[in-house]
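There are structures below to look over.
Both complexes below contain chain A, partnered by chain B and then by chain C.
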Partner chain A sequence: MISIINEDKYLWADVNLTEANLSNANEFKALLIDLLNQKQKSIVLNMTQVTYIDSSFLGALVAGLKHAISMQFDIILVGLQPDIHDLIKLIRLDKVFKIYNDNSQVQ
Partner chain B sequence: MMAQTQKHILLVDDNPLYLKMLNQAFDKAGFTCQTALSAQEGIDKLATYTPDAILSDYEMPDMNGVEFRQYLMQQPAHRDIPFIFLTGNNDTNLMSTGLDLQAVDYVIKDTPFKVIIAKLNNLLHTVQKQRELSEMEIKRAAAALNIKAVPDKAPQLTNIGIHFWHKSYQDIPGGDFIDFIETDNNYTFILLGDIMGKRWNAWFFTFTFLSYIRAAIRFSILSGEHSIAVILQKVNLIICQDDMLRDVLSSLSLVRINRQTGQLFYSGAGDIPLLHYNYAAAQLNQVSSSGLLLGLFADGSYDEQEITLAPHDRLFIFTDGMTDFATEKGSKSDYNRFALHLQQQLTHNPDFETLKQNLIPQPDALVDDCSIIQIHKYPQ
Partner chain C sequence: MKNIISKQQFNFDNRTSSLTPLTQQVVNYLTGLLTPQQAASGILFKAKFIVTELLTNALKHSAVSNASLDIIITDTHLEIIKTDTGQPLPLINQTDLPVDVKTAISQDFMHRLYAMPLSNGAISFFCEETSFDTPDINQINEHFGLLIITKTADEFMYWYDEPVNVFCAKLVL
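Coming up: the complex of A and B.
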């Protein structure tokens, strides 16, 4: 579900889901929080494969972000499909997540 | 026997020929199958696929069927998927071990395919019946306690009309909640929220959120605080401080109507933008707020704005179940498509009942709870 691709200042990972929904939200949240606890660094999630996110999964992502912020780290989203990026902007989550088109833009 | 609805089965066996024959037999019986030649391949598939049942061989190299089942028992997302062992012999020790691992059944491998399929059909039928009975019990308990996340009817105001429609996803109560609160200083509050989650998990929390919101509105009005942005901030702070609600988030659209003047104010928390239909210009305009989801951060950045409704104008508040839909290629979320569809319908100036009929997604396309509230001003 989350594949670690690289590790430097950030943990770079791919989200291997097409439909991110209720059926995988809890497991995703647990994995994300485990990764934050183990690696103690901000995580860049490549979301290119994800074509749909429901509110359960958004809740899992936000729970991960809250956990990261409490540890003074971050969750960064890259490669969001346009529909998903639009939804995130509509509900103002673009104010709380750092969002980039691709990995090269992450500082 | 044909499967009554198309069910998804994961078949796991290291014998490619047997797996192919099993797949063909299930396919012919109306099931949709994915196959795996090892337990590890099955685990990989389960990362992106949730079948209705798993049928797995016992004797496999590397990880055998019992080890596979033990692994799945550790995974919260997979432990409750009905699991059947395929065994090569009548090994009673193995059967006992398998049943200890909460496998629901075992099948001897030389059993005719049609018997295996019949067993699986019976199993799925039993699981479905048990689920329905559990849901019925919860519904009965909720009805007995008179707890509702959605009211029976909208209030009748003299100069403003309010209509709403709500449909639970798969008829199981979920995260959407609606309420109308009348305070004795001429205000009617309209609220539509959506707990981030689905079905019972989300439904359970609707009552906690509703209680906090109702209390915050009434306490604020009693103490002379009328700003809905301030009320939202108070609700948000309480929710952020409640350990029981850790990681539970909700959107909320809050509208305050002055029953005497018809003056209307709106504030939102992580809600999808409202739509205001300007009747004279035949235009549908987005009404956005700046507030963040309830429970996200202690400072939710809430604002409020006045919305002026001319006669025949309409204001629509809705949840993402109205904008999300299933297609053959998967689910999609498309706010603009919904807005365009709504605008097309409104050119005929339909009453709410007709509009609703034309807006409701097809049952097969539903992916979430659907809720929509229409507010309109009566002609002078």
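Coming up: the complex of A and C.
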């Protein structure tokens, strides 16, 4: 579900899901929190493969972000499909997540 | 009296595996009916997310084996209506909520969600964006379903016609 691609000051990871929904939200949240606990650094999530998302998965992302921030780290979203980016902006989660078009824009 | 141009009912078997295919079926159905201008105006995007969240709501809360989704196009609106025979929304039993008055039912630093009981027994939902200086992630609600539907739809109502729950989202065409 989450594949680690690279590791430097960030953990760079791909989300290997096309449908990010109720069926995988809890497992994703657990994996994300585990990664934060194990790697002790901010995570850049490449969401390019995700074409469908629901409120459950958004809740999992928010839960992950809360855990990251409590550890003084971050979760950064990259490569959001336009519909999904629009949904995230609609519910104003772009006010709390850093979002970039691709990995090269992450500082 | 509304003029119905097209109407189609879809059956949802309350399986997670059916969520995406059924949502896509609805999107395909609408794509064939909407004008290019309507499709380009964002109606399809909104319909897709309303359907997604209504079906997710059915999965999470209805605890019954199926739900129905009615897609109705009139000359002025797209109506997305989900019905099921699960437990009613707890709000319906809150008899102390004043009729025709918006009451806040949930809030975080970005949104305030309101319910307004109507004299006909239905509940209408509204959302306001709230201003803030510094975002506080710990104040964010992790449950977005009702928020997504309320913000996306031009009108969103619920009513309970025992034993049937009806969720009705309308988009102006």
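One rule holds in what follows: the second predicted complex is superposed on the first by the 107 of 107 C-alpha atoms of A that agree within 3 Å, B and C clash if a C-alpha of one lies under 4 Å from a C-alpha of the other, contacts with A are read in each partner's own complex, and residues count from 1 in each chain.
Assume a contact is a pair of C-beta atoms (placed from the backbone, for glycine too) under 8 Å apart; a residue touches a chain by one contact, two chains touch by 3 or more.
This structure is a prediction, so every number in the text was calculated from the model and none was measured.
Q: Consider chain A as the common anchor and indicate whether chain B and chain C clash or fit when overlaid.
A: Aligned through their shared chain, the two binders clash on chain A.
Q: Thinking of the overlay built on chain A, is A:Leu87 touched by chain B (first), by chain C (second), by both, or by neither?
A: Both chain B and chain C are touched by A:Leu87.
Q: In the superposed arrangement, does chain B or chain C reach more residues of chain A?
A: Of chain B and chain C, B contacts more residues of chain A.
Q: Tell me which partner A:Lys95 touches in the superposition: chain B (first), chain C (second), both or neither.
A: Both: A:Lys95 reaches chain B and chain C.
Q: Figure out whether A:Asn26 sits in contact with chain B (first) or chain C (second), or with both, or with neither.
A: A:Asn26: touches chain B, not chain C.
Q: Kindly classify A:Asn16 by the partners it touches after superposition: chain B alone (first), chain C alone (second), both, or neither?
A: Once the two structures are laid over each other on A, A:Asn16 reaches chain B alone.
Q: On the A-aligned overlay, A:Met1 touches which partner chain: chain B = first, chain C = second, or both, or neither?
A: first
Q: Would you mind checking which of 6-14, 78-86 or 186-194 on chain B runs into chain C after superposing?
A: Clashing stretch of chain B against chain C: 186-194.
Q: Could you list which residues of chain A make contact with chain B in one structure and with chain C in the other?
A: In chain A, residues 19, 21-23, 52, 54-56, 58-59, 62-63, 66, 83, 86-87, 90-93, 95-96 are touched by chain B and also by chain C.
Q: Which stretch or stretches of chain A touch chain B in the complex?
A: 1, 16-19, 21-27, 29-30, 51-56, 58-59, 62-63, 66, 83-84, 86-87, 90-93, 95-96
Q: Going by the contact rule set out above, which residues of chain B touch chain A in the complex?
A: The contact residues of chain B facing chain A are 47-48, 50, 75-77, 175, 194, 196-199, 202, 247-249, 251, 270-273, 290-293, 296-297, 301, 320, 324, 329-336, 367-368.
Q: Mind pulling up the chain C residues that touch chain A in the complex?
A: It comes out as residues 16-17, 19-20, 23, 45, 48-49, 52-53, 56, 59-60, 110-111, 129, 135, 137-138, 140, 142-145, 147-148, 151-152.
Q: Once bound in the complex, which stretches of chain A touch chain C?
A: Going by the criterion above, the answer is residues 19, 21-23, 52, 54-56, 58-59, 62-63, 65-66, 69, 83, 86-87, 90-93, 95-96.
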